[in-house]
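In order of appearance the chains are A, B, C and D, and numbering begins at 1 in each one.
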Amino acid sequence: MPWSRNELAQRAARELQDGFYVNLGIGIPTRVVNYIPKHIDVTLESENGMLGVGPFPYPDQVDADLIDAGKQTITESPKASYFSSVDSFAMIRGGHIDVAILGAMLVSQSGDLANWVIPGKMVRGMGGAMDLVAGVKKVVVLMDHNAKDGSPKFVQTCNLPLTGAGVINLLITTLGVFEFRQQQAELIELAPGVSLQEITDKTEADFVVSTHLISVPY
Amino acid sequence: MPWSRNELAQRAARELQDGFYVNLGIGIPTRVVNYIPKHIDVTLESENGMLGVGPFPYPDQVDADLIDAGKQTITESPKASYFSSVDSFAMIRGGHIDVAILGAMLVSQSGDLANWVIPGKMVRGMGGAMDLVAGVKKVVVLMDHNAKDGSPKFVQTCNLPLTGAGVINLLITTLGVFEFRQQQAELIELAPGVSLQEITDKTEADFVVSTHLISVPY
Amino acid sequence: MYKFRDDEHVALKDLLFDGMTIMAGGFGLCGIQENLINALFVSGVCDLTVIANNCGVDDVGLGILLRRRQIKKMICSYVGENKIFEQQYLNGELEIEFSPQGTLAERCRAGGAGIAAFYTKTGVGTVIADGKEHKVFDGETYILESALKADLSLVKAWKADLEGNLVYRKTARNFNPVMATAGNVTVAEVEEVVSIGELEPDGIHTPGIYIDRIIEGRSNHKPIEFITTRNFPDP
Amino acid sequence: MYKFRDDEHVALKDLLFDGMTIMAGGFGLCGIQENLINALFVSGVCDLTVIANNCGVDDVGLGILLRRRQIKKMICSYVGENKIFEQQYLNGELEIEFSPQGTLAERCRAGGAGIAAFYTKTGVGTVIADGKEHKVFDGETYILESALKADLSLVKAWKADLEGNLVYRKTARNFNPVMATAGNVTVAEVEEVVSIGELEPDGIHTPGIYIDRIIEGRSNHKPIEFITTRNFPDP
């Protein structure tokens, strides 16, 4: 059975290590915060200018001067620091953030990411996504393995404008986990009960299968 | 009679206007601070990272964390702010400082400045001088008109490594004042009692004489 | 004292001209110049090129300038949820230049810091790289991005002293400090003006050299785009 | 807690190797890492390329590393008054690369900020421009300067919390914040370590993300190069 969206977030949380600085994108990635193991100390960055993002505020704590990159009201953790957009993206582009976890529209077999243009809708802009994928040490992408109409989202070539070319390190879909090395995808893990046959059938991208493939019967 | 070094500083102070942000070089330029008219509010910048340099400290105020670009102990004025070397030179290079007043070894007729290599001595480096002359809105140079051996210091071409090419806006020597426009020098003022003949004889550089030349009999 | 102005209209009056380029700090509706933007609206200045990370929403922030069609071109990273914007864009009345958020910030920094252009990895292999110079450093490809400057920069800070030294509050800092450096003239709107000497010199975010005029904002609504909260814990 | 180390020797021990590149903040003797530099001296690590604005004086700061001939090359803007330095340089034992002070700072910033290179006006028409790419923007000539990075950065701050958030004091800030960003590993020496939450989040100069290890300096002599004072006013 495929992973649920919460299980995607839970699987992504396993990529986090003690002391990591992490940027979480809008959507499913924000749920990762619920699955960070208690014994691990992770600092969340928000690209509008802070390190040490805390949980949502209680209703009487809401502060208009304290929002995250998704423009939602947040709180600060005790170790928080604030800085300008220039300093924030110097940090991102300079490779100081350990992991960025992002959503995707399409992913290509060479690790290209397309997540800023939604077909048929007006282009609203890439925000900080291009900077994040170009700069962060490890880019983890979470997405449904297929679109609602069943069409593959992990494809040979993205036919949507790219956010970054060959930038993805790890792709976690509802059916499995792919690692990218030298812009070559390798299937390393299957969601419980998902067969190699099933994931192959539902994928357009070429990929190799790890000799250490993790496969759990449901 | 030529201007004394204090009179050079006094003449340079006349270039300052209310609200100006000013960088003063080491040597004679530091004396300019003694001649700033009381009714004028000028903010001194030190390129090691502060605006609002105050006077030297009283002996019991000396603070090792508070020095100017000449590595001398100083104090802060009430409106002072501190910033990093990066931000300091962003300010300088970005053209935010109104005037820099500097010393010189040689000046050429096209406004080239040579002040970082002393002949016969080991090269110690240019420090922030190249950044200042490239970035500050108005560069004023103060120097003796001739070297100790009588040789001209305002020359056709500098035969010393340059600090900047065509960067000088105003040259104040012990004999007079030259303005540079389109890398062409124009004599606009003579020190009291100095004749056009005398300054011409003691200058190697080509210059034009202003139709509004200020000449005061001694 | 000479930097302080009585209100937003007085502060901007002689600085505005049709066709000018204006930078405005802010991220979404956080750290925007409510009063100065209102003065822009009232002035009717038009054919503006606006450089800002976003363009407000329909009735708030830079969005209000769209009602009088004052903006000709936006340089931004994300448009936001803005129906009038979408309409004017689809009608061809409004031009957009998208710049990735970090590149946008860095281009403004370059403008203020005397850097003409810089090489960045951001956008390599995307439409953003089209027509730009590519160069390889240490085996990696970078693209050349150029500086941005403005005729006028509008910034919002928490506090200012009369010298123009500014302190921002939390994430309302965002693009404000960098845009303060890249305007030919910079006007700051603050919540509180304090005496010289009240701000800690080590804690000043924008030195007064960058600020030409200051107003104390008359209204500080500080609207919030998305209020998200958690429940109070059980007692 | 995991960033704090007992002393300067423990903090550096496993990070040093011959031939490495080290950045060190400081301007003259102001804001230098007295204890960490001493640990470098004691370690005997050699063939160093050192990137710093200056090289201390004979017996203080980076100057002490010259006594054991640990430095192979200096990248700096000004050598300072240093007899041993002069001697080793004239003997050809020491290589110097001069970079204008602002260009040096900006090159370190580029290294830390993912900018491969940038165009600046500084140095155009001087020996600094020799062999560098020239390009005209808006009628003005600029030269291309490249990023600097280091295997190890040493910085001095006033206070740190255990997360590594740093606050500097007055002009001792200088090159320290930028060098904190450009080291593969960065070690901070501070005068006082405080608990998490004690530093004002809006007032932090270097966020902890840049700091890998922290020590509280055992000695803080803070020597002064030139003591200049004025006389007490007449009573």
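Structure notes:
Note that in this section a residue touches a chain if its C-beta (ideal position, glycine included) is under 8 Å from a C-beta of that chain, and two chains touch if they have at least 3 such contacts.
Note that the structure is a prediction, hence the values are computed from the model and not measured.
Path length between chain B and chain D in the touching-chain graph (shortest route): 1.
Distance from chain B peaks, on a Cα-centroid basis, for A.
As a whole-number value, the distance joining the C-alpha centres of chain B and chain C reads 36 Å. Rounded to whole angstrom units, the spacing between the C-alpha centres of chain A and chain B is 55.
Chain C and chain D have CA centres that are 33 Å apart. In chain D, the positions touching at least two other chains are 106, 109, 113-115, 120-122, 168-170, 173, 201-202. The set of chain B residues that touch two or more partner chains comprises 50, 76, 82-83, 89-90, 92-93, 134-135. If each chain is drawn as a node and touching chains are joined, the picture fits none of the line, ring, star or complete shapes. Interfaces, counted as pairs of touching chains, are A-C, A-D, B-C, B-D, C-D. Within the complex formed with chain B, the chain C residues making contact are 2, 109, 111-115, 161, 163, 165, 181, 196-197, 201-202, 204, 207-210. Within the complex, the chain B residues that touch chain C are 18-19, 21, 43, 45, 50-52, 76, 78-83, 89-97, 134-135.
Taken together, the chain D residues at the contact with chain C in this complex read 106, 110, 113-122, 135, 137-138, 140, 142, 146-147, 167-170, 173, 200-203.
The touching residues of chain D, counted against chain B in their complex, run 27-31, 53, 76-80, 86, 89-90, 96, 98, 100-103, 105-106, 108-109, 120-128, 158, 168-178, 205, 222-232.
Those residues of chain B that touch chain D in the shared complex are 46-50, 55-59, 61-74, 76, 82-86, 88-90, 92-93, 112, 122-131, 134-135, 161-166.
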